[in-house]
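Shared chain: chain A. Partners: chain B in the first complex, chain C in the second.
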Partner chain A sequence: MATLDIKNLHVYYGHIHALKGIDLHVEEGEIVTLIGSNGAGKTTTLRAISGLLRTPEDTSISHDGSELTQIRADQIVARGVVHVPEGRRVFSRMSVQENLTMGAYTRKNQQMVKDDLDYVLKLFPRLQERRAQKAGTLSGGEQQMLAIGRALMSSPKVLLLDEPSMGLAPVLVETIFDSIEQLNRTRGITILLVEQNAQMALQVANRAYVLETGRITMSGDAKAMLSDPKVIAAYLGL
Partner chain B sequence: MQKERPYSLLDAATLGLYGGIAAIMIALVGMVDAFERKDIIADVVTMSQVLLSAMAFTPAFFAASRAQRTRGKGISLVAGAVAGSIAALLVALLALAIVPLNLRAVFVNATPVLVNELMPGDLEGIIGAVVLVAAGLVVGVIAALLTWLPGVLRRATIISLVSVTLIALLADVIAVVIPREVDRYIYRSNGLSVEGAITVFVVILVIACLWQVLQPKLNRAVANLPESRRQVLRFVTTIVLLALLFAAPALLGSYLSEVADLVGFYIVMALGLNVVVGFAGLLDLGYVAFFAIGAYTMAVLTTPELPLVRSFIPQLSFWAALPLAVLAALLAGVLLGVPVLKTRGDYLAIITLGFGEIIRLLVLSDALKPVMGGAQGVTGIARPEGFGLRADTPQEFYYLILISILIAWFITARLKKSRLGRAWMAIREDEDVAAAMSINLVGYKLAAFATGATLAGLSGAFFGSKLGSMVPASFNVLVSINVLAVLIVGGMGSLPGVVVGAIALIGLPELLREFNEFRWWVYGAVLVAMMLFRPEGLWPDAVRERELLEDHEPNVIDEDPTGLAKDATVPT
Partner chain C sequence: MFSNLRRKYDFTDYILWLIGATLLIAIIYGSFVTLSSGKYTTEQWLNFVIFGLAQGGIYALIALGYTMVYGILGMINFAHGEFFMFGTFGAFFVAEALASSGFLESNPLLSIIVMLMAAMIVSATVAVLSERIAYRPLRRAPRLVPLITAIGVSYFLQYTARGFFGSGVEAFPNVPALAGVVQLGPITMQRSQIAVFAATGILLFLLWFIVSKTKVGRAIRSVAEDKDAAALMGVNVDRTIALTFALGGIMAGAAGVMYGLVFRQVAFYMGFVPGLKAFTAAVLGGIGNLAGAVMGGLILGVIESVGPSLFLEGIGIPSPHQLKDGIAFTVLVLILIFRPSGILGERLSKRA
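For the complex of A and B:
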């Protein structure tokens, strides 16, 4: 049984049929990436999974066998499916520390929260240095680290990452992707990664889906896709 | 830092133009005529002269201080003179144009009398106009000279000038509170006496100077105290403040207590709306609805009228009806909240606006007249009584309102620092991310809405009882807007800001009866000026202040290509 199983996902924005029946599954412990160009529907897919968008009746999104389409966004987080929205949306007027504690808002076990905080600060030493600083004054890369760190604070089973490389310098992109691989390996967190930077995404992922104007046009092993001529022509720009 | 462009005289002229246009408006709306009979200093300076001079003084002051910063003192004099005389020139042109162009056909206040009032002394025609421009020039130069003064003295002078004007305007109110001898000395039957004005000016000047010099030292001294001593100090200040508040009605007399009561109603309401808008960031434009529900519940439950209602429910006393009124408002908050809070931003504002109107129209409607009293409203609402006491006078009511303010203050101050407060803050900042933190948006928004509604209901219940009778007209949308304006002017999210805002926007206009006709006009002007020059409010919340000030600084989002450089400096 897949940990995240999406069947027949449709999303409509008014008259616009943004997602036209997507089937996608993520197995436990996997890194799966969803690549595609602007407007293909990548972000929409993640927003639908995390409950920020409404889906029609016949769409099914299940996590560990239980249906997510019928419950609220905050309940989905409580089930362990956590969304890191694109564009590094940190609470810019709160400090780094406050942002991270916000992530553990509903957790009761303070000892586990503290352990997770230590883990996040070890994973991103940069955040440790800037704990007291306002999140709005961090650099883009640091804000992305904070956004991911904050999501980790809610002890996720599945992390939905939306364009973590967006607008970052190449060196920082590498750092971020290293951390993603690391938390997948050491913590066993399942990751669904949406990326425009297909090269990076395919390198870290186990499997990949290609999304084109609301439909999945290709899927398979990520490493294989790296050498697929169609993918190279369309997304790798080589 | 961006380097400031050297100031050109054209900029000064533009500022003068703004001043002149403002002066023309003041003249055409009838303020000049109305204030010609109100003396600031008896038989020497009238209120309209003060107003018109201010329209030359203010642009000249700003022009001169900017000119001085970039071009030096000499130019600042010229800039002040240019701005002042151009403002006066516009007024002079208006005075010359009124009769020949028959402006009265359009502006009812543009009468020959106005021409006389605008012209200096008994002069008229071109000579009058020239003297007027010269007067503007002199005012401009004076304003420029003022900018030469050191900061402390400059600010003190301006504070003193404004204070003298206010003290003259508030003569009736102040005379009640001060000893007879002082009253005799500083006031004449119409405005301040000359020696009174000078004394007041000097006293306030000295106080303002001393305060500016001593305050930072005082702050430092307090900051250096050990924490335990500071706690004692805080405790003592709170006690003194409370003692003053409780002693106030005896000093203030009936009229001022009445005004204080009105301000109090708004403080309780604004503390509630502060939770909704300031903490949780939900723009509620129909807030008056909950105030109305509190007031009407109190009215309907305690009035001897409305036989239909009385046949179901016995007539209750104030204290029995109060919890029901608050509960009714709370329930209404929850009931409205459930469907409405799934919308955000502008949509929420429009829906709440509609809800406010629905409530007003419901209580106004003929269909509900047997229950709500219809357009004639309800009279005979119970007064609070108990232990052989009965609150009838404004002074007695003051205590009840003061207590409800203290309760509202305590509740909202605690909420702000609580877990709930942090969730609201997260929702205000970014709803989506808050949801991704597992914050139940609807639940927490509902909590904010209900808290706000409860406090509005509390305020409304006291309001209804105080008035003794009420009509639907008391609950129009302007009340909602007023409460919102109190928050904005005071400082969104800040508790002391609510009090300052309510005093400034509700108390002052009530006291400045002379402005009554022009109340909304001045109100609008003040709001525009506030948003331009002090958008964070009079007493801003620490967090809010930071975010508004940050907007003026360049955002630091440049990349550090070295990645996780360990030697990166950490700004503290």
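For the complex of A and C:
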């Protein structure tokens, strides 16, 4: 059984039919990437999974067998499906430390929270240096580290990452993708990664889906896609 | 060259600056005349300031509710003055019962605490119900819609109170322990004012502590900053917004008790003017900013109490104290013209 199983996902924005029946699944321990051009519906897909968008009744999104479409976003986090939104969305008026504490909002076991905090600060030493600083004063890369670190504080089983490379210098993109791989390998976190940077995404992922105007048009092994002429022409720009 | 100038500042700007300059000159001239006439002693001025601070403390408590709701929903809750009014009625009925049983006389401190509790519970309940019934269904509506609804809620609550409690003005029971004055050096303070200062100080500290140091406070601040991101942290956004209304209601209820103790009257329309004044205070301090609301409340209270004698009398206006409401709303208009973000408020461009 897939840890995240999406069947027949539709999303409407008023009269616009943004997602037209998507099926995708993510197995435990996998990195799966969803690539596609602007406006294809990648962000919409993640927002529907994490409960920020409503879906019609015949849509099913299940995590480890339990249905997520019927519960609120804040309850979905508590189930271990954690979303790092597009544009990072850190709380800019709070300190770095407070942002990380917000990540652990639903958790009860303070010892485990403390262990996770130590882990996050070791993974991103820059955050350790800037713990007392307001998050709004961080650079883009540091904010992305904070957004991922904050999500790790929620003790995720499945991490939904939306465009972690957006607006970052290439060297920082490398750092961020390295830490994503590390989270997957050493902590066993399942990852669903949405990216415009298809090159990077396909290199770290096990499997990939291609989304075009609300429909999945292609799916399969990520490494195979790297050499697929259609993918190369449309998304790799080589 | 002149056409450039004309494009930067248009005709209305000049008029506005002219009005501002005229008022400033009138204030300086009036103050100068009054002070040089020596009509009031230093002690009298101090008493004006203390009265203003006590009044301002009440404004500050109400203003916090405006500013917190604005901070979290971006909406001006014009029904907030009515939450204050309901709290005063809650305290009034409890005080009547306590007074007739003699408990108020034998145990004043405990009585006041019971009155505060009653007022806070009533105001918070009215606030939470208003949010749940009137505002929550409109959360995704255009900004004008909740604003107009708030005015509707305000009238609904006023006339509900009128229906239940009648249209007359009732006398708030006298607390004998708070009658009389205390002499602190050159300053004469009424005991009721001391009670207002103490209670306001404690409440402000508690609110500051809750908002800045606790988990609940972090949840409120996160929702105020970014509702989606807060939900993704596991914060129940609806519950947090309701809680913010409850906290605002609690502060308004406390303000209601103090108003009752100082001004000794209750009426169904009593929420309207203090509500507008507190709104003015919140705008003066910078709406959305908690420290600003407190500062705005105190400044407004002092301006209102010192102003009439200081500059209105000087420019020869008869019975100037009847114009104190005029001063408050002139302040509101001037801030909106010259510094819409208030004293501590963020520049609006920062948000965009």
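By our rule, the second predicted complex is superposed on the first by the 238 of 238 C-alpha atoms of A that agree within 3 Å, B and C clash if a C-alpha of one lies under 4 Å from a C-alpha of the other, contacts with A are read in each partner's own complex, and residues count from 1 in each chain.
The rule is short, and it goes like this: a contact is a pair of C-beta atoms (placed from the backbone, for glycine too) under 8 Å apart; a residue touches a chain by one contact, two chains touch by 3 or more.
Quick caveat: nothing in here was measured; it's all calculated off a predicted structure.
Student: Of the two partners chain B and chain C, which one touches more residues belonging to chain A?
Tutor: Between chain B and chain C, B touches the greater number of residues in chain A.
Student: Name the contact category of A:Ala73: first (chain B only), second (chain C only), both, or neither.
Tutor: both
Student: Determine, under the contact definition given at the top, whether A:Arg89 touches first (chain B), second (chain C), both, or neither.
Tutor: In the superposition, A:Arg89 touches chain B and chain C alike.
Student: After lining up the shared chain so the two structures overlap, which partner does A:Leu172 touch, if you call chain B first and chain C second: first, second, both or neither?
Tutor: first
Student: If we overlay the two complexes on their shared chain A, which of chain B and chain C does A:Tyr119 touch? Say first, second, both or neither.
Tutor: A:Tyr119 sits against neither chain B nor chain C.
Student: Please work out whether A:Tyr12 is in contact with chain B alone, chain C alone, both, or neither, and reply first, second, both or neither.
Tutor: neither
Student: Of the two partner chains, chain B (first) and chain C (second), which one does A:Met102 touch, if any: first, second, both, or neither?
Tutor: Touch partners of A:Met102: chain B and chain C.
Student: Pick out the shared contact residues on chain A: the ones touching chain B in one complex and chain C in the other.
Tutor: Residues 50-52, 72-75, 77-78, 82-83, 85, 89-94, 102-103, 105-106, 150, 154, which sit in both footprints.
Student: For a test of understanding, state which residues of chain C touch chain A in their complex under the given definition.
Tutor: For this pair, the touching residues of chain C are 215, 218-219, 221-222, 225-226, 228-237.
Student: What does chain B use to touch chain A in their complex?
Tutor: Its residues touching chain A are 419, 422-423, 425-426, 429-430, 432-433, 435-442, 543, 546-547, 550, 555-564, 566, 568, 570-572.
Student: Give the list of chain A residues in touch with chain B in this complex.
Tutor: Listed in rising order, the residues of chain A that touch chain B are 50-52, 72-75, 77-78, 82-85, 89-94, 102-103, 105-106, 125-126, 129-130, 132-134, 136-137, 139-141, 143, 150-151, 154, 168-169, 171-172, 174-175.
Student: In the complex of these two chains, what residues of chain A are touching chain C?
Tutor: Result: residues 50-52, 72-75, 77-78, 82-83, 85, 89-94, 98, 101-103, 105-106, 150, 154 of chain A touch chain C.
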